[in-house]
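Common to both upcoming complexes is subunit A, partnered first by subunit B, then by subunit C.
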Partner chain A sequence: MDVEIRDIHKRFGAVRANAGISLRVTAGTIQGVLGENGAGKSTLMKILSGFQPADRGEILLDGRMAHIGSPADAIRAGVGMLHQDPMDFPAFRVIDDFLVGRPGGISLSPGQARRELQAQAEHFGFSLEPNREIARMTVGERQQLELLRLLWQGAGVLILDEPTTGISAPQRETLFAILRQLAAEKKTVLFVSHKLDEVERLCHRVAVLRQGRLVGEESAPFDTAQLVRLMFGKEIVVSAPRSTAREETVLTLEGIEVEDARLHVGPTSLEVRAGEVLGLAGMEGSGQSLLLRVCAGLMSPVAGRLLLDGHDMTHRPYRSFHDRGVAYVPAARLEQGLVPGLSLTEHVLLSERHRGPLIDWKRGRAKTARRIHDFNIRGEPDNTVESLSGGNQQRALLALVPDPARLLLLEHPTRGLDVESTVYIWSKLKQRCTQGTAIVFVSSELEELLRYGDRVAVLFSGRVSAPVSAALTSVEELGELIGGKGLEPAA
Partner chain B sequence: MNRQPSQPETRPETVGGDNTSTTPVAAHTPRSALGRTGLSRGALNVAFQAGAFLVALVITTLVLLVAGAPPFAAYGEIVRGAVGSLQSLADVTVAWVPLVVCTFGLLVTFAAGLWNIGVEGQIMLGAVFATLVLRLLQDTNAPAWLALTLAISAAMVGGGLWAVLAGVLKAFGGVNEIFGGLGLNYVATALSLWLIFGPWKRPGVGSMSGTEPFPEQLWLPQFSGLRLSPWGLGLAVLAVVIVGVALSRTYFGLKLKAVGRNMRAAFLLGIPTWQYVLAAFLVCGLMAGLAGGIQVTAVYHRLIPSISSGYGFLGLLVAMLVRYRALWAAPVALFYAALNIGSIQLPIVLKLDSSLAGVLQGVLVLCVILAEGARQRLLHRPVSELPAPQEPGRGAPEHATPVEDAL
Partner chain C sequence: MTGEAILAGLSGVLAASGPLVFAAIGETISERAGVINLSANGVIVLSAMGSFAVGVATGSLLLGFLTGLLIGALVALVVAFGNITLRQSQVALGFVLALVCRDLAYFLGNPFMGASGPRLSSLPIPGLSRIPVVGQLFFAHNLLTYLSFLLVPVAWYFIFRTRQGLVLRAVGERPAAAFARGANVNRLRYLYTVLGGALVGLAGPMFSLSMKAGWKGTISGLDGIGWIALAITIFGAWSPLKVALGAYLFGLLQWLGVVLQPHLSGIPSQVLQVAPFPLMILTLLLVNIGNAEWVERILAGLPPRIRPAAAGLLRATRVSPPGALGVPFERD
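Moving on to the complex of A and B:
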């Protein structure tokens, strides 16, 4: 399906999220959409898919004017969107979620739906168990489900907003294969991402947005430096920072074992020193999150001991960890990390220790303005967190980490950040390290793990490898470790 | 303890990343018909509220016509009944006191994302505790001020305990506060009836008119010739101001809001979530208990069967009508109290049931909520603009408003 957007405008208060964007995408194209955080990518995609109205502008599908007033209108017109975070119903089972979006779904017999779901899944090489609870699925699986549903609803234009954050490398490859297949079937794909290598590999064409405007279009093959220049208006230099590890040990795990309904992790013994950065690698769902949550005191280990600065913290509640300077930054920003409806100022006030019961709003705002500046957040102190762009929410989340902190536990800390902000945020984090803060972080980006980690531990089906030195490991070697080489799961 | 508050999952509204919730911002210029008229957002809001009010009036008028009553005479009667004399103004204030106290209590539980349906029972328990203390002290020579102070304190304790019980059932028993509250309301009603017709019955035979009235020195002093007690009014204003300040200017209020909107994130921010849930119930219970205590010591001077007079439920309506904003709660509560008092004379003058006020009050809330939905739809906004305490705003059970005469 051909898509044409003409002169789209969208304002939020003083912010011009889209300032006259026009773009044509012909059927069968995988169109990349690039741009720094807050450039207006999600806004444009939401307008196209009916989640937000444009102030001005037109959308044409196959040359005909389309009136898209709601997501339902959009899907009827053949436009489906996969959001930055999956929008399914966590309490549902796979099959229910699938049925919900189906027009006239009530008249459909569950048996038939199940067969159709399985046929669809097989067609694309997914394995989705209809009775699984969605809450128990990984982000990647939830995304596959969402994708299937959109296709089943007859989407001819697929919009994917940062679909590769938080999914594993094999899941990404599956996704790319499907997108290519869909393009070959003359469907149109709009692909929003911050990962230049992915965009270069996948997309036929790329549009770059900056401050609400279309600043350039390129066709494959792409020149990375040129894309970066278009996005930021300058070159970005990425360098690996020096290690700041000290002698003293902050975190000690002795034979720690954790488990949830799906997975048993460990036993593992680890030490993390002050100023050190430890990366946790592994396919999504290999136990990284569980391990991180144990270190945060959010879960109790089933065996082993956990020490913080030499104090035995095993089975202590989260608040004792919190009081000892442990900060945990979850991956699900708006589900776990931030409070929708509250402003940035209110978040900052909540994240600080305070004396006395009364709030000094003026001081709070001033403090927030400083943090906004420090962390380069595009937003005002009184903005609610959900009005920020994805990348800016991530920065806000990191801006809330108490300072000083002894141990930072970060789940996908740069998820959704553009290249420039990733560099910037890590410089902030490394600054913490020079003050003696230890960092343990989970990431699915191998380059990030090796560039910013001092050591990297690999998890495979719940087994934890001895950490390898980041400086002595190549991306290829790490990739093999993640695939399970040299670390077969216990029988 | 990281239990999520039960949230109805609705598609675009669910927390789902940067893609869903849209908070409207001032200078937004919609392309809709309304937008083109050039009305500012504030003016639009007022227009919609006024429209809702008019629609509510029209519906109520239709109800009156169907009932075969002269609408304008009825409205005139309500206005006269509410503001026609010093006496009626005082009566409106008497009704306003428990209503506004309960409403502010409910603002606290709403802030924490809780539907404290049990507020009615909490008022009753407050009344029961106050009565208990006064009964114990009326035959001793304890000074009146001491007896009254103890009675009102006991009332607050009683209401607080009853509310915390609902909170404990929720936090530790997994009982939704709506069901817990409903159940506790029935228990409270049964308890007060049992007391009135059993242990505390009047000499001779128990009656619906309640327990034996207390001696006059145990009444909270009233303005001469009026039923209004300056003490009751003072206590109410004081309590309302304290709660208002707590909600808007303290860390307590802010943390409650965080717990109410995202318990998981609040927990990670280091807020002891279930303690805050209990605290919200406690504060609301203290307020409801205070209302019950005032009804006993300043208004009825005894325990009567329906001592709560439906002010708890009415408070829920007021809180919803003002969309959980404290600043508006006091005047709107006053309006509702005036409707209640104004309609008292209807049965006598126009042979109409005084529940007409209830009809208008209920319809008004529905219209305002509907107008809010319509406004968002007309402005093309996805309906994701969060109502203050998010979830309670949605999928709430429609409850009848048993509005009984205040006096």
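Moving on to the complex of A and C:
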């Protein structure tokens, strides 16, 4: 389907999220949409899919004016969207979630849907068990489910707002093959991403947004430096930082085992030293978040011992972990990390250890303004967190991490961050390391794991490898480890 | 106590719990869509009075019951309009309506005090009602009681087994996501609030035109039942089966209080009258125990052989309210 957007405007208070954007995408094109955090990409996509009304502007589908006033209209017109953060129902089971919005008669006939879901998931190599509760899945797995739903919906225009945050490299190739296939069938794909290599490989054309305006369009083959210049108005240098690991051990796991209803992780023994960065690699749902949650004191291990700075912390409550300087940053930023409805200032005040009955708003606002500046958040102290763009929510989350901290546990710390912020955030984190903070982080980006980690441990369906040195491992080797190579099969 | 008397008593419990079943399931439907309709108690009193008045004036039972339905629907419409369209607080609105409707009923009901109106007669089902025990328990009631029996599985099937029911739950769980999938959130919320309100409204005439026909300024056991329905909706974890179970349990406990009183002379009668309430609270604590952090901690310490079973059991008892209960849906 041909898509034409004409002069779209959208304001949120003083922020001009879209300031007169016009774009034509012909049928059969995979159109990339690039732009720094807060540039207005998601807003534009939400307008196109009827989720948000535009203040002004027109949308034409196949040359005809389309009146898209709601997602229902958009779906009827053949426009489907994958949102940046999963738009699903945490309390539901996978199969029920999958069925919401499916047309059909009164009876649900879940058997049929279940078979189709499983066939689709198998094709991608996703493990999405129909009876699992969404709330117990990782953000990446939830995004996988959303992706399958969108493909199953069978739209003529597919909008994907950062679809690759939770999937591994081989799964990404499957997705790309499907998207190319859809484009060959004259469907239109709009692909929003911060991963330039993906955009360059997949897209036929790219539109770059900056501060709500379209600042450039390019066709394949792309020049990375040119794209970066268009996005940020300057060059970005990415360099691998030096290790700051010290001698003393911060975190010790001795034969730790942990489990939830689905997965048993361990036994795991590892040590993380002060100033060291340990990466956790693996397909989504291989046990990374269970391991992090145990280290954060949010779950109790079913076997083994956990020591912090030599103190036995096994089975201690979260509070004592917190008091020992452990900070945990979950991936589900709007559900577990931030409190929707509260402003940035309120978040900063909440995260303080300062105890006392009265709130010093003036100091709180000043402190928040400083953090906003430090972490380059596009927003005001009084903005509620859900009004921030996806990447800016992520920055806010990281800005709330207590300082100083002894051990930082980060789940997908740069999910949704643009290239510039990724570099910037890591420079901030590394700065912490020089002060002796240890970091354990989960990521699905192999480059990120190898560039910023000192060592990388690989998880494969609950088994944890001995950490490998990041400097001595290539992206290809790490990819193979993630696929299960080098780990003995389960006894 | 003879077996005959016990049977009659239990049959009476099933009938007497009917209004509670209607009201609590009506509230369940409304809350599943995300709207708390706190007006239930006032609505039930007003619809009891209103339907009795219409029954007296027209002599028609049908019109009487329809009046109850209509009063419930109209008050729910006010709640929906105030909350969905005007974005006012559901709680404040519902609470005020609960008080206003009740006082209105007492005021408007004066002229009808002591009047004699029609009464729904019982309708034993030929054949079935002759089955020993079962027949007397389930098949010797009036039409509305049969409907209350039917409502339970029908509501359950609708909410958990149909596409419309799935969307209903979706709307109450996370309206933005339901909206993104093409649901007209606010229209559905109107629809289910009004439908749920109508069911609540039916509880009124079940008193005044059936169980305790008449209007003597009030009806014993009428005022207060709406609040119990609201509580049972929560105890029943917003599931029609458990909600109905709660309603019958409450009816049973009340009956036991009456029956046992002569035998338990040491215990003041007030204790037996209020006993159902703390018992229900205890149930609430039990069904929510799986949510507590210390339970997880104990669980992790169990031997591996019994751990999965214990964890599964706790998960099954875990309840959580509809995610967006009481939260208006706003598009930005």
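Just so it is clear, the second predicted complex is superposed on the first by the 434 of 491 C-alpha atoms of A that agree within 3 Å, B and C clash if a C-alpha of one lies under 4 Å from a C-alpha of the other, contacts with A are read in each partner's own complex, and residues count from 1 in each chain.
Note that in this section contacts are C-beta pairs under 8 Å (C-beta built on N, C-alpha and C of every residue); 3 or more make two chains touch, one makes a residue touch a chain.
Since the model is a prediction, treat every value here as computed from it, not as a measurement.
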Fit-or-clash call for subunit B and subunit C when the two complexes are aligned on subunit A: clash
First, second, both or neither for A:F51, with subunit B first and subunit C second: both
Which superposed partner A:F12 touches (first subunit B, second subunit C, both, neither): both
Superposition-derived comparison: subunit B or subunit C, residues of subunit A touched: B
Subunit B versus subunit C as contact partner of A:L358, first or second or both or neither: first
Which superposed partner A:S300 touches (first subunit B, second subunit C, both, neither): second
First, second, both or neither for A:A261, with subunit B first and subunit C second: second
Touched partner set for A:I75, first subunit B, second subunit C, both or neither: second
Contacts of A:L334 with subunit B and subunit C, given as first, second, both or neither: first
Partner chain(s) touched by A:V475 [first = subunit B, second = subunit C, both, neither]: neither
Touching partner for A:A225 - first (subunit B), second (subunit C), both, neither: neither
Subunit B clash site on subunit C (candidates 78-86, 114-122 or 204-212): 78-86
Common interface residues of subunit A - those touching subunit B in one complex and subunit C in the other: 12, 51-53, 70-71, 83, 87, 89-91, 318, 387
Partner subunit A, residues of subunit C touching it in the complex: 161-164, 166-167, 169-170, 173-174, 176-184, 293, 296-297, 299-301, 304, 307-308, 311-312, 315, 320, 322-323, 331-332
Parts of subunit B lying in touch with subunit A, wherever the complex brings them together: 2, 9, 11-12, 14-23, 25-31, 249-252, 254-255, 257-258, 261-262, 264-272, 380-382, 386, 388, 390
Contact set on subunit A toward subunit C in their complex: 12, 49, 51-53, 70-72, 75-76, 81, 83, 87-92, 96, 99-102, 104-108, 259, 261, 299-302, 315, 317-318, 387
Complex contact set, residues of subunit A against subunit B: 11-15, 42, 46, 51-56, 69-71, 83-87, 89-91, 161, 298, 318-319, 322, 328, 330, 333-342, 346, 349-351, 354, 357-359, 361, 384, 386-390, 393, 400
